[in-house]
Amino acid sequence: MDFITLSVVKAVILAAVLMTTLAYLQWVERKVIAHIQLRMGPSRVGPHGLLQPLADVIKLLTKEDLIPPHVNRFLYILAPFLAVTLALMSFAVVPFGPEIEIFGVRTPVQLTDLNIGLLFLLAISSVSVYGVALAGWASNSKYSLLGGLRSSAQMISYELPMAVALASALLLSNTLSLREIVDTQQGYYLGVIPKWNIFRLPFPQILSFVVFLICAFAETNRLPFDLPEAENELVAGFHTEYSSMKFAAFFMAEYANMITGCALATILFLGGWHPLWPAEWGAHLVPAAVFFLAGAIAFYHGAHPARPRDRRTLPIVAVVFWMLAVLFLLPEVRAALAPLFWFAAKTGLLLFCFIWVRGTLPRFRYDQLMRFTWKFLFPVAMANLMATGLVVALFPDVS
Amino acid sequence: MLHLWLIPAFPLAGFLLNGLFGRRAPKLFVNLVGVGSVALSFLWVLNTLAALGPLETPHIERYFTWIQSGELRIGFDLVADRLSAVMMLVVTGVGLLIHVYSIGYMAHESGYYRFFAYLNLFMFFMLLLVMAGNFLLLFVGWEGVGLCSYLLIGFWFLKKSAADAGKKAFIVNRIGDFGFSLAIYLIVAHFGTLDFDPVFAAVRERPLETDAGLLTLVALLLLVGATGKSAQVPLYVWLPDAMEGPTPVSALIHAATMVTAGVYMTARCAPIYLQAPIALEAVAWVGAFTAFFAATIGLAQHDIKKVFAYSTISQLGYMFLGAGVGAFSAGIYHLVTHAFFKALLFLGAGSVIHALGGEQDLRRMGGLRKQAPVTFWTLLCAAVAIAGVPPFSGFHSKDAILLAAHHHSPALYWIGVVTAALTAFYVFRALFLAFFGDYRGDPHHHPHESPPVMTVPLMALAALSLAGGYFGVPAWLEPMFPVSEPAHDVALVVVSVIAGLAGIATAWWFYVARPGLADRVAAQLGGLYQLVYNKYFVDEIYGAAVVRPVVEGSEKLAWRTLDVSVIDGMVNGLGARAQSLGDVLRRIQSGNVRSYAAWVLFGAVLVVVAFGFWGGWQ
Amino acid sequence: MNAVPLSWYLILSAVLFSLGVAGFLVRRNIITVFMSIELMLNAVNLSFVTFSYQFKQADGHIFTFFVMVVAAAEAAVGLAIILALVRTRRTLEVDEVNLLKF
Amino acid sequence: MDAILFFVFAVIAVACAANLVVQTHPIAGALSLIGVMGSLAVLYLLLGGEFIAAVQVIVYAGAIMVLFVFVIMLLNAGAERPVGRSVVARYLGVPVLVIFLGLLSYVIQSMLPASEAVRFGGFDGGAPAEVGRLLFTRYLLPFEVTSVLILVAILGAVVLGRKEL
């Protein structure tokens, strides 16, 4: 298979998986938040509301596309497209797994392996301000303008500590290619502790991991940093004037950015697709075990249903999980899919954190937000960078 | 390394401390810093000299290169040899006593801290002067003490006469310094170095036939410098006026130390003078004439400090006479003893003035023997010392000079003897007028003795004046200078002693035994007395011959003609042309940024086109 | 035609620079004028990178980097000046900012 | 492929630059300039400047231009007021500019010695490692001095941005 065909196939697969993930991430968020708030969440459309994302998509697509008369038409339309395009573009360089062989074709699970992949991601993230800023300006409304202003200031400000945090991780990995960054984190100290960058000698990057995560919250305009769209102050901020699919585009961009951020954190700090503990300790059985356990829980709840229809649906779910577990027991499949499982698990865990934080933390005030990054986050990241540089320079051979 | 630099560094630190913080600091701090720094310096001198021992060879410490220009290197070098050792001891020792005295004398003055700061600065420069290892560093000290002299003469700068006296001292010294600096230029030009040792070695080695003229010129220019600093004829006029300064200043600067810098410098340059006999002869005659000339003026002065000032000039003349007849060590010897008894005379005079609440006129004193006994007795010690009464210090040093002078030329000897008689007369005249007879001053004022802080230094100096003849200075200095002194000739000694005693007796006769006789004699002498009383009208002659022409010339020619019409005209004309040109050019400044940009573009296009036409691309 | 000669990059650079100059001269909004300057700087950067390719040395890239740093500093100060200007003179028209003249 | 990429992005760059000159609204100008910068980044990549291309986007498009857009939004800058231009400028301006640009291109083309063709991958000295090595060895002093420059600029901006100047 030649390069272009392969790329197209991979792009199509990635797009399909990504779109589904985006849609269902929305569902997961609503469910988790609902449970945090002791509610049920979506449950009408399909079993456990599983068809809710589909319904939402249909709703948004068929709604009337309203363009207010006072807006700058060109930019008003451009902004959401810019936002979503840039958000999706970043997936071009994200590696999800090692090289695998499917149907006789060896290829990395990644669209393209740029040698400046990280710089590319930084560039994309720095440009993605425009989507929000232009949307706010083009809407020609006070709330939108304020939201746009806030978001551009916020994103520029948080980009700095984020880049610095990334740089200190880079000092340990010594490359800008995301794939190589993951490769350098292979192996275990004392046979147990993974050589991920947050545990990495000579200077564990726990601090920069935390800084990066906080900045990722701000970059994606998520709570507790969602001031650009603070409902009770700005109605909805930069997307007040948007409706139907353009409105959805902003949401897609936000969730895509969330996934990118979490994937990047996984790659840079959590060792990418490398398992939590070595294979000789049974790491290769973990996927199967997890799915088996999930099936067991589903089956238990099916046997003791909270609602009548659970008696029918949950056993089916359990069987699906068990089948997956069996699938992961096959060596060939395991070799190909276990890394993806680990990657997805870590990213998913971080995404859960995003949702969890949204469900628990209140919103910052704007001056607090700015002071936090300039007077606390940035100095911390800077100090961490200097300390890392110093330690790496002093002990170049330890790794 | 013995850290010679510490010796001048202590007073410098004292100057900085007092100068910067003294205004707000308590008096005790000022005293401690001002006196303590000099005391430390004195102790360090003692310590250093003890460590150096007999000083067979000069001890030189080179600290850093100060000026480097081509081959010429001028370092910050301090030297301790036998000559500078004597000077260091005199400067710090006498200086310390005078500092202590000043605590009492200046106690009620405003600007107290300023006085001590200046005094310390003076000590720094004076020590630099005597310890300098090359001509330029010596010149720095030379100028520095001149500056301090100016500042201290004009210490009461609100008083016009004090400020004028300061200016006069400064300006007259400039004339001397001009000669000195010319001498330094000549030395650099011909010897390529300013360090003492290489210069003197070269002077000794080079053939006299070719260099005689040059050396004579250098020596004469040095003499000009010395006459300025050491108040010799014809540049002595500033010293009497310098008595406007506080009395401790007169004692320290204008009697004991600074004015002797010329003698020191002449002795330092002895190798040059010895190769320039004509100049040496000039030194001798200038000294002899000054000694006699100033002594005659001193006869008729009524201000006690003026009397001593002319006495200083006269005694400095003695020193130059000694140097001029080749007895450099005798000159330095007299410098040392003179520092003791003249400092004592001035401090005693200060004590008298203090006792009388500021009165300086001898005619309004009298009978103070009872009220100020310590002052009287110490002053008496100084007087017998200066009068050359054996066996006190003045007798030894003066005799050494007179013997050498007689060996050189009897004429000089006789001038010296007459001067000695005159000296004894006027010193005792002052003493008798002040302490004997009845009190002729303000009847409401009650004279009182000075506090111990003033009298103790007086007593110390009195002891030194009496015993100063036995310090062995000539023997110590002997290796520095060629020996030319003949053995003691008892007859000559007797003559000079008789002259001194005669002077004392005359003074007794005139002012104690037969008061009033002096006035009658003066009246009989008439014109001669007036001439002497008015100091031979030298100030007036200088004023008419030098000062007026310069002032009027600069006003009429330099200012009204040259400055106003030529220089101002040129400057103003340039300004006016620039202004009219600017009137045209400012139209380009439209304030419109885009038009500026267009001009820039226009220029850039011009450059590109020029490149295209004339090549230069490759 | 598979590749373009190096000089075309330089021509592009010259064209962009000239357009920057034109923008500087034509536009009256001070922000746009400022952006024209940035355009000129970018054009020069292109020349640097092109020559870097020609000589196979990365020095041109370094210079481009420095130009960017200077541009960033310039933008910070320049925009602050524009803010102060608007605050005091209430205008963005560069022609109305003409007090500094004879 | 190289030629196609060059032409596509050169045309985009020129078009955007022309748009910057023509548009009266600053935000349109800013967007045009971002377009120029983006296409220049691609051209840098073609010339082997990977690092500088990334920095071009991060610093220029992502920071400096955001600042411009931010200020435009903050000041709510509107379009320029139309003023009566002279007839000459209106009808001759664009042709003269085009002629000038053509002349300029001709001059450069004719005066430069025949140069090699640019091929992607013909120069790989622009990788981050290489640029970083130069930056921290031969150009260390200028690099450090630029940091001071930035500091001064920050201070200047802070002072200028205060309420009472």
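The letters A, B, C and D name the chains in turn, as written, and every chain counts its residues from 1.
Methods note: a contact is a pair of C-beta atoms (placed from the backbone, for glycine too) under 8 Å apart; a residue touches a chain by one contact, two chains touch by 3 or more.
Since we're looking at a predicted model, the values are computed, not measured.
Chain C has the C-alpha centroid lying closest to the overall centroid of all protein C-alpha atoms shown. By number of C-beta pairs in contact, C-D leads when C-D and B-C are compared. One inter-chain figure worth recording: subunit C and subunit D are separated by 6 Å, centre to centre, where each centre is the mean of the chain's CA atoms.
For this pair, subunit B with subunit C, the centres built from the Cα atoms lie 71 Å apart. Centre-to-centre spacing of subunit A and subunit B amounts to 91 Å, using the average Cα coordinate of each chain.
In this assembly, the C-alpha centroid of subunit B lies 76 Å from the C-alpha centroid of subunit D. Among the residues of subunit D, those in touch with two or more other chains are 51, 55, 63, 67, 72, 74. Multi-chain contact residues of subunit C (touching two or more other chains) are listed as 28.
Multi-chain contact residues of subunit B (touching two or more other chains) are absent.
Contacts between chains trace an open chain of neighbours here, each touching only the next in line.
Under the touch rule stated earlier, the contacting chain pairs are A-D, B-C, C-D.
The residues of subunit D lying in touch with subunit C in their complex are 1-3, 6-7, 10, 13-14, 17-18, 20-21, 23-24, 26, 29-30, 33, 36-37, 40, 43-44, 47-49, 51-52, 55-56, 59-60, 63-64, 67-68, 71-72, 74-75, 77, 80-81, 83, 93, 97, 100-101, 104-105, 108-109, 112, 114-119, 122-123, 125-126, 130-131, 134-135, 139, 142, 146, 149-150, 152-154, 156-158, 160-161, 165. Against subunit C, in their complex, subunit B makes its touches with residues 586-587, 589-594, 597-598, 601. Of all the residues in subunit C, the ones that touch subunit D in their complex are 1-12, 14-16, 18-20, 22-23, 26-29, 31-32, 34-36, 38-39, 42, 45-46, 49-50, 52-54, 56-59, 61-62, 64-66, 68-77, 79-84, 86-88, 92-93.
Those residues of subunit D lying in contact with subunit A across their complex are 27, 31, 34, 50-51, 54-55, 57-58, 61-63, 66-67, 69-70, 72-74, 76, 127-128. Within the complex, the subunit A residues that touch subunit D are 75, 115-116, 119-120, 122-123, 125-127, 129-130, 133-134, 136-137, 145, 148-149, 152-153, 156, 159, 176.
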